[in-house]
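Chain nomenclature is as follows: A, B and C, assigned in order of appearance, with residue numbering initiated at 1 for each chain independently.
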Amino acid sequence: MAKSSKTDLIVALTCTGVLVIANAVLFAAGKLPVRQEGIADWPRTLVLLGGVVMTIAIFSFLYKDNPFFRAAENLFVGVGLGVTTMVMWYDFLKPDIYDKLVAPALNPAMQVQHSDLVLLVPIALGAMVLLRISRSYGWVSRYPMAFLVGYGAGFGIQPTIHSNILKNMQYTVVPTPVHWAGWAVVGLAVVLLAATAYFASKGGRLALALRIASGALALAYVIARATRAPQGPPVGGTEDLAWALFGAAAVLMAVAGYFASRGAKVNAWLWSIGGTAALIFLVNRLASTLLQGGTAAQAFASMDSIIILLGVFSVLCYFVFSLEHRGAVGALSRVGIIFLMVAFGASFGYSVMARESLVIGRFQFLLSDWLHLF
Amino acid sequence: MRVPWSDPRVIFPLVAGAIALGLLVHVKQPIEPQESVVAVHDYIQQLPKGSAVLLAVDFDPQAMAELRPMTEAIIEQCLDQDLHVVGMTFWPLGAQLGYDMFKTVADEPRFRDKEAGRDYVYLGYKPGDLSQVITNMGENLLTTFPQDYRNRPTGTMPIFRDVKSLRNVKYIIDLAAGSTPDAWIIFGGDKYNVPMAVGCTAISGPDLYVRLKNHQINGLVAGLRGAADYETLLQKAGLGVGGMFAQSLIHVMIVLFVIAGNVAFFVGKRRQRRRG
Amino acid sequence: MRPIKLTIPLALALLFGIFGFGIQYVVHPWAADTKEVIALWSRVIGGIATLLGIYSLVHLHMTKIQRKQEGWGYSLFFFLGFLVITAAVVYNGGRWLLSAKVEQSVYDLLYEALYVSAGATMFSLLGFYIASAAVRTFRARSFEAALLLAAAIVVMVGQVPIGAMISPYFPGISEWALSVPNMAAKRAIMMGVSLGAIATSLRIIFGLERSYLGGGD
């Protein structure tokens, strides 16, 4: 027997043995479901054990693809199809067709309602759809499909325009009063971004420093925005961060200045990071000092509206592939990419959260419902 | 530069270990409910007694871990508030699960006076295009669901005395694992002017912020965190709250490994540049 | 044969498409009644069409067994699951198929034992793979990738309670990232996708898009 097959067999036998022993211990300890009288509740016990076996069989795929997993997978698909059949019968065919048309026809004491007779038309159309599996008569299914798909396509146009396009436009182009401090920050941002865009093509340390400064401004806004109180003065904590940043900036620039004075070729990073930290401090102080009281919320809301407008417009611009992404369109598309990256990052973070939640759910079942460890 | 934890044989047991540790060594963390979750809770709180709330339980066991805790919490709050809860689903494989959830909550001792057909009802599944079924419900709920999940006629049920269509429903909550919220919003909430909220898996959460900011839904309960927030508001220690420490642990572990991997990547790149 | 097989269905799609679009703007009670009737018909046709899916899956596995294709033995488990559940449904707690669904029947137990756990576990496997993929491949190779990484980290830490314990900034920045830049991008994507969906609907109505008709001439 090959070494890997031997290892797999040992793993399989070990896992099966552990499973059997664990269940025996749980049964002996009275941890498996019992009725109120103290008798073992075999239906519920079998349901629990069935669930445990299926869970472990499917988790075994993490080790490698194996017959237990394949069997459990196919069993799951078969059960799923059976469940679908059950639901189709009890939730659709029985109440909507059998009880309305067939049962009264078979039972002389019941009568078919005249209004229900019209159901024969969609039943006939449904039967025509089933002919799709036939090679010779499959074209018959095109008639009900044309009705379904054509009507559905036309029916959905107006609500889609209303809910997905007009509503979005309504809440994007929002007239919001912008506080004067907000205009100051916007003005600074526009000057900085224009300078960055202009010097970017020239390269060099200035271009790098401006790029970092632009990012720093964005970061400063996010930090100030994140720590504001909904109403009233900004929440404490920004002051500590701001002073810490100022201290860090002062140290970095002092170190850079010392080595520069000794004639050493000082890395532009030291200058840039020092300047960045100083800029963050300045913007933070501006935001905290000037945006007092309820105007803070208003100012931030108006800033956010401008950012949202810019974001929507730039992302739409990115997706217009019939225009070459050069010049102003290219610059706007680049801004759109930034928004898209933040959106995809957020989506990825939430995806990780979602998948890990599912694992947590399974472990809750195994550790609590089965093993009673908590 | 290859890092040791990037091997699946190392990362898989670490993930399992972190989650198991988080569940076994339960550390109570302060949970500050998010605004979007508080909005749903508060809206249900202010609904008058006897108001009809439609719960679309649009998920199956694959999303159960995230959505079941919030669904049961919402049903509990609605029954506590003496609201009339009408449940249904567009997911055939989740129809039985929806029924189980209603039964689990209704079987609690404090809801012994609640009666199926009078205080709550679970209608089950209906096939067909979402836009058509929701439109059908919007015009006439009883022709859409002539029987409930247990094949009892809905026409004679006291709960439907004043609820004939979606227009008579005071709140629609779609608990969704897929894209049903869009259909509910477009053909249900927006069309019939019924306030809506959505409970969703964390994957759909970022997308639904658009609907939240457009005021097409007045609240959003996303993922296990949303379920934990809701349970916190109800002062209930359910599966949502119970899973939060494990969730925190695993997130921090993944973030640390990603950061360490990036540091190793840049160090390796620098070494390569120095050699070359 | 072509008019019967193709032209008339396309003409029907055009007719019903225009009808479906136009009926939204008619306020007469007749329009509401007609929408209700058509919605009911659509449900019935759609429900019967679902039986096609059931048939195709059964046919697939049956063919696999008949032809003894690779892994045909596992298809026996498929039929085992299908037949056991179908038998439980037909038995219906002793009251058989034509009666109302019985509570707490064998079907309910089998659903919980075989389907719920397996379904939940199947998707939870992704939790391990996404963690592995993130750790192995998530590298800040460019500015855009670094931005994506930063946003993901902030959201991942900010959305769990430990984020607030590490730093009070995390939940706030995470919330801002979701409410502003993420929302702006998703809004633009939604508008673009909706415009595309409307364009596709118009193509279906005017007969330019025919994939829904199926193969053949």
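What we mean here is this: a contact is a pair of C-beta atoms (placed from the backbone, for glycine too) under 8 Å apart; a residue touches a chain by one contact, two chains touch by 3 or more.
Given the structure is predicted, the values throughout are model-derived calculations rather than measurements.
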| item | value |
| --- | --- |
| Contact graph of the chains (line, ring, star, complete, other) | complete |
| Chain pair, most C-beta pairs within the contact cut-off | A-C |
| Geometric centre distance via CA averages, chain C-chain B, whole Å | 17 |
| Centre-of-Cα separation between chain B and chain A, whole angstrom | 14 |
| Junction residues of chain B - those touching two or more other chains | 12, 15-16, 62-65, 93, 96, 126-127, 129, 132, 135, 149, 151, 202, 205-207, 210, 213, 223, 225, 247, 250-251, 254 |
| Contacts with 2+ other chains: residues of chain C | 38, 40, 42-47, 50, 101, 107, 111-112, 115-120, 122-124, 127-128, 131, 134, 149, 153, 156, 159-160, 175, 178-179, 182-183, 186-187, 190 |
| Touching two or more other chains - residue numbers and ranges from chain A | 62, 80, 83-84, 88, 90, 92, 94, 96, 148, 152, 155-156, 159-160, 164, 168, 343, 346-347, 350-353, 356-359, 361-362 |
| Of chain B, residues touching chain C in the complex | 3, 5-6, 8, 11-12, 15-16, 29-32, 34, 60-65, 93, 96-97, 100, 126-129, 132-133, 135-136, 139-140, 143-144, 149-152, 202, 205-207, 209-210, 213, 223, 225, 228, 244-245, 247-252, 254-255, 257-259, 261-262, 265 |
| Chain B-facing residues of chain A, complex | 62, 80, 83-84, 87-88, 90-92, 94-96, 99-100, 148, 152, 155-156, 159-160, 162-164, 167-168, 170-171, 343, 346-347, 350-354, 356-364, 367-368, 373-374 |
| Touching residues on chain B, where the partner in the complex is chain A | 12, 15-16, 19-20, 22-24, 26, 62-66, 92-93, 95-96, 124-127, 129, 131-132, 135, 145-147, 149, 151, 182, 185-187, 190-191, 201-203, 205-207, 210, 213-216, 222-225, 239, 242-243, 246-247, 250-251, 254 |
| Chain A to chain C touching residues, read off their complex | 43, 46-48, 50-52, 54-55, 58-59, 61-62, 70-86, 88-90, 92-94, 96-98, 103, 118-119, 121-123, 125-127, 129-130, 132-133, 138-139, 141-161, 164-165, 168-169, 172, 222-223, 225-227, 235, 237, 241, 304, 307-313, 315-316, 319, 336-353, 355-359, 361-362, 365 |
| Chain B partner contacts - residues on chain C that touch it in the complex | 32, 35-36, 38-40, 42-47, 50, 99-101, 103, 107-108, 111-112, 115-120, 122-124, 127-128, 131-132, 134-136, 138-140, 149, 153, 156-157, 159-165, 171, 175, 178-179, 182-183, 186-187, 190 |
